[in-house]
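Letters A, B, C and D mark the chains in the order given here, with residues in each chain numbered from 1 onward.
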Amino acid sequence: MTTTQEMLRTYPADLGGIDQEALARCIEACFECAQACTACADACLGESGVAELVKCIRTNLDCADVCTTTGRVLSRHTGYDANLTRALLEACATACKSCGDECGQHASMHEHCRICAEACRRCEQACRELLASLG
Amino acid sequence: MTTTQEMLRTYPADLGGIDQEALARCIEACFECAQACTACADACLGESGVAELVKCIRTNLDCADVCTTTGRVLSRHTGYDANLTRALLEACATACKSCGDECGQHASMHEHCRICAEACRRCEQACRELLASLG
Amino acid sequence: MTTTQEMLRTYPADLGGIDQEALARCIEACFECAQACTACADACLGESGVAELVKCIRTNLDCADVCTTTGRVLSRHTGYDANLTRALLEACATACKSCGDECGQHASMHEHCRICAEACRRCEQACRELLASLG
Amino acid sequence: MTTTQEMLRTYPADLGGIDQEALARCIEACFECAQACTACADACLGESGVAELVKCIRTNLDCADVCTTTGRVLSRHTGYDANLTRALLEACATACKSCGDECGQHASMHEHCRICAEACRRCEQACRELLASLG
């Protein structure tokens, strides 16, 4: 069991009808993606061809911020607000889609972009699956 | 001129057709609201009747996180992504509405909730005005 | 290999003499601890005896913020600033020690505090080991 | 009165012997600097000579993160932890000094770097003054 799953298991009240596996997967994907995007923005800055990676860096920075906030909001269950959860999951899936597409365009040139694009796609899918499970 | 306005004025490229006054107001409202919500969550923790403020604290924490991320994303103009901007502004207006309503319910009892509710409403309005100006 | 390790492996320039295993462990511990502390603050809010957990919640919120920032700064290698890295690792070890101690006091009562305390201790140790390896 | 000052004034318990003016100034400087550094990193990305601004961008990103976390921690007074406050103020002054120096080197070429350097210096000074007032 991961720490995220343990924290869900030990929450002191009922989590409602939420799909706990989908929730844990989404929280973990958000934190993983936030780290990958932060590192990819920096790796792009370290490339000699940084001028061609300007849009990629910006998209990475946005995606890191949105994933961090989404991962935090999803880690809270007390006084749950379905409207905000949905709106943030939509925004997070949008950020991950943009960043996955942008990094994907540089994947054959830069391995860090390939790995980051994979993290973005996992996170986008985890957000969409959690959204779907919310009904 | 505020620092936020100065930073917009000195951005080295065209900002597109965006309403710069609405943008500066929204960025500043996001940072102000993030600070107010962080402080209000803490002030609620300092109240003897903290048990009745549990939902207020949670809403404050979410709102602080969403406003921080929105203020950051709005501060970036390179490689602008209209879809993400819109989705985040929607999420931020949602968070501010929830938090303004929740804090508003405690405004007559707790002055910090009254002041925080005002910051939330300013930020919600700034998000909606910027959304409207995006067309 | 974790995504964090893959991102380190594919960084396009030399990482200097840094101990990559200690670095990866510390980055991962920071993100794990940030999630655990965010969730523990919320779990404390969900307890009927929230009034006795006020200090624990505050310490969790601080620790989550410091770990998030430390994890991000450690994920950047371009234009490395040894002074800032050291100062932040000191601050992060301090935050994790405080939070681990505070959560540790509630560990027998609240399982979420026990799990969170363990994440804090892992992160504190990872920060201290990375600090030591920096010489 | 600013919202930050109002939130301090309405905190429900004693703030200890802390210099409230120095505290409010430091919180506001942290949020202002976080915004300026986020915008300056982006403005640097928008420059045709981005390759020469790589270190500046990285320093801006670190400084934005550290200032955000410091501004949040300083906004909390419940269960105050002097050790963490001191360690973070040291880290924040270090980040602001690095970023102010780096942006200062580009100030004659790029107005956004000049304005950001001023925000960094104000924040560094506010951190050092608050540190001194803590005794």
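Here, contacts are C-beta pairs under 8 Å (C-beta built on N, C-alpha and C of every residue); 3 or more make two chains touch, one makes a residue touch a chain.
No experiment lies behind these values; they were computed from the predicted model shown.
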Interface residue overlap between copies subunit A and subunit B, same or different (over half shared): same
Chain pair with more C-beta contacts, B-C versus C-D: C-D
Farthest chain relative to subunit D (centres taken as mean CA coordinates): A
Subunit C and subunit D, separation of their C-alpha mean positions in angstrom: 21
Chain centre separation in whole Å, for subunit C relative to subunit B (CA means): 27
Where subunit B touches two or more other chains, by residue: 42, 45-46, 54, 58, 61, 68, 72, 76, 78-79
Footprint of subunit C on subunit B - complex, ascending: 41-42, 45-46, 48, 50-51, 54, 57-58, 61
Contact set on subunit C toward subunit D in their complex: 54-55, 58-59, 61-62, 65-66, 68-69, 72-73, 76, 78-79, 81, 83-84, 87-88, 90-91, 94-95, 98
List of subunit B residues in touch with subunit D within their complex: 3-4, 6-8, 10-13, 27, 31-32, 34-36, 38-40, 42-43, 45-47, 64, 68, 71-72, 75-79, 110-112, 115-116, 118-119
